[in-house]
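A short worksheet on the structure shown next.
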């Protein structure tokens, strides 16, 4: 579990790296920190149920420069049929202008790749990049910060509403085998701005690679940011993702995480309710099978008073899949009148599936209303029997009830195309070739 | 019994009562009516000693004592009772226990012996009939899971047990169907004595069909803008509040 | 927070006096010699000394756990005394021979060891610092075939039972504090209820730490054979001292097929003063093993200690076994508690219930940490967990850390948690009915804790009432 190979890679790349002066310093600080921290072990409470040994024992290398052979046709099943969305596509970590399309944005809005933004908006980046994501405490964030190659920078100025979602598509194909991809996304929505970000992670071919992504979001006063993360990586891929949002007063941030891919994945969705009256909604659904391991960690920090947070995560686990949910709600002494709700529900479809759930509350203010709940169970025999007695086949009944379980959380999705897309996906997954 | 003189009060920085004067004598029933937000409930809460309001000037004397000098529990022990508009739930504490604790505190304050649970149960069972309440309610947690009507009946039961000198009923009729209203009103009437007084705070006249007031006051914009006999209530029912508000210079 | 709430939660600790009694105290420090010395003082057989030494050697390789959500100055284990006994305690023929100073101490604590004043229906074992002072009602228990005596006595009188069960639920290697206890434990209580016997009395042990700079390391072992049942209570107090004192106990419960063990604790160790100086460090390992259809129930009311680290657990080994955990934990001033339970479902159709009520006041920090683990073979396992926190004032904290680990699809688990404060509207409502603020709060708190208090045996419910300064009549029954 040595970090030495990454230090070597870092040293080798140092000379090739371009960009403003402060950037190498940031990368170096992050690299040094990663060397100190090393890969997390299960002795670390935050990684108690997830061993990253399969990632740590391999050495993933930066991707080789190669021309992309991915076509729009190959991508189209992953685009939610939404032709009007703004789209930025990265193939094996490299921006692909041919597959991308984001010309129709409002003029005030700037969307650019990280590489371009370093040239055109250095002042924004020096102000924001690496300020929210905690590379000092989080080893994978440190690794991303040291190696971040490309990504997207979005700035929506005050009062501007971006009507159509911005879809960032990270595609990996066989060219990613053995590689580590380090996408980095930065979103700033100023006062009363509105924007919806969709991040898709897609594996087209069977390949073992590591995605280690970091997204930072600054949500201004009264701004509304939707954030959908769709993880459909290749089945042998490893995926670690961290997003950190900071919310000003009366802002709304809605993050939804869907996961069905990857051999081992870890998604961290963090938000800090930093201004009075802000609202954070963190929802998610994971559908796992085989020997997949999927870990979600959420962290809602109530720093300011009168904020609300709502959290609903559901898991459907089949085969010998292992799901992990670790949700933390922290309420600062100043955060009076906090209204926090968190739930995690898991449906076990097989006798060998396993769930570890740790919904936590840490409360330091006295005038608060906080609840959390967790349930684990299988499909109710009685409900199955009821459907069968109405002539529905056992398999259909199972699919229907499973779908019904997922429906509650899918309903929180505010973008119709995503909701319909995921509903269809879940339904298909659990009917799996069975005639309706 | 109760004399309120030029009472001004505010909640936080917001003035709500702007000079209320009211005299209530033993044996009388007073109705305080008025549109929403007029300060009716505030007046009721201040009489009971709610800590959320600040009396900025004026006075309230009760049985010759300065009521404002007394803590809420001291007022209760001296016979001031407020039937809450929104009775509060206390999970895990049975109604019977709560009532007995209150009953004994009031007895203690008068230098009387506390009563034991058995004696007390006899006393309560008799009062239960008055409000047509199921004895099983005594063993449920205070107001927890009660319907709106049950909560209001429970307030009247408490009033019956604690036998106050001055009862203030704050919107006791709100949310009640006509049967429940009748039960509550019958309860109040049965408790009327020449030595006690009742102040009924209400938005509608219908409760006053059952509890006949001697005096009716219209409260608006933090002031009493009209006082009269029971016929004033009927007039309000027929004409609404607006005809009074405009001449008094108060917007609805 | 109003002044009267402060008064209520800052009630003076009533049991802070020191008994002036001559003690046989060994020098400070912990080496293999210390372990041998303790064993020699207790005239123990070789096998027990060997076991202690194994534990000690293991302990040397272990580190103090750092994961609990508590902060404290680490204990200097070489600055502690590991054995202290009142000199006057010798093998006694009857309780009449107990030093009158000790009897007076227990009288002051509300525990009468003399025949006349004893609570009827309760047998008491009184433990003063490291040793048992005496056990009451022994004859009545003997008639029923129940053994209830000090651990030291049991080692000599029932060596076969001790050898069979000691360490069978909590092995000496279990954790840092259990290993320490296994090496240096001085005394404790032993209970054995034979097959089919329902213990006719409530059994109770009263722990008192008196000596300064002395750790208390007691060991309790309760065995209920097939179909037997027993209810056991423990109470704890200590003098006020400005230094922290260590209490690292181990409790093992064994409930064989169809047996029932109910274990209740009212813990009121000295909690330190208002500035957080002094108080007991309470690092306790409590665990029971339930065989087929057996039931183990833990009830605890924790109001004392500067630091509490305690997770009474049940290993649901047998099919259809049941585990329960009912807890009220109160922290005030600078107290910190990290407490909860573990329910390990191994057998089929096993069932567990967890009800935890945490009350935080002052600068107190209260953490619930509970694990519910369902192993792959535990078909039909069920758990219900409810943990509620109440906050009084805005400088305290309430934290909930559940660990839900399920590896069987037929399991049904439900976890609910809530945090709230005492509502101003609730207090006003009570005051309007004639109750003062103190009475109102105690009433509301009693209501909040009702589900736990109703699990306490009557005798302890009364003590819990005194402890919390609240009336229980409304919440019990």
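As written, the chain order gives the labels A, B and C, with residue 1 at the start of each chain.
As a convention for this text, a contact is a pair of C-beta atoms (placed from the backbone, for glycine too) under 8 Å apart; a residue touches a chain by one contact, two chains touch by 3 or more.
Small disclaimer: the values here were computed from a predicted structure and weren't measured.
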{"item": "Furthest chain, CA centroid comparison against chain B", "value": "A"}
{"item": "Closest chain to the centre of mass proxy, which here is the mean CA position", "value": "C"}
{"item": "Intercentroid distance (Cα basis), chain B paired with chain A, Å", "value": "56"}
{"item": "Whole-Å separation of chain centres (CA-atom averages), chain B against chain C", "value": "49"}
{"item": "Chain centre separation (chain A, chain C; CA means) in Å", "value": "44"}
{"item": "Residue ranges of chain B touching chain C (in the complex, touch as defined)", "value": "48-52, 71-73, 75-77, 81-82, 84, 87-94, 97-98, 101-102, 105-106, 109, 117, 141-142, 158, 162"}
{"item": "Residues on chain C engaged by chain B in the complex (per definition of touch)", "value": "423-426, 428-437, 439, 443-444, 446-451, 471, 473-475"}
{"item": "Partner chain C, residues of chain A touching it in the complex", "value": "45, 49, 333, 336, 346, 348-378"}
{"item": "For the chain C and chain A complex, residues of the former touching the latter", "value": "67, 376, 389, 391-421"}
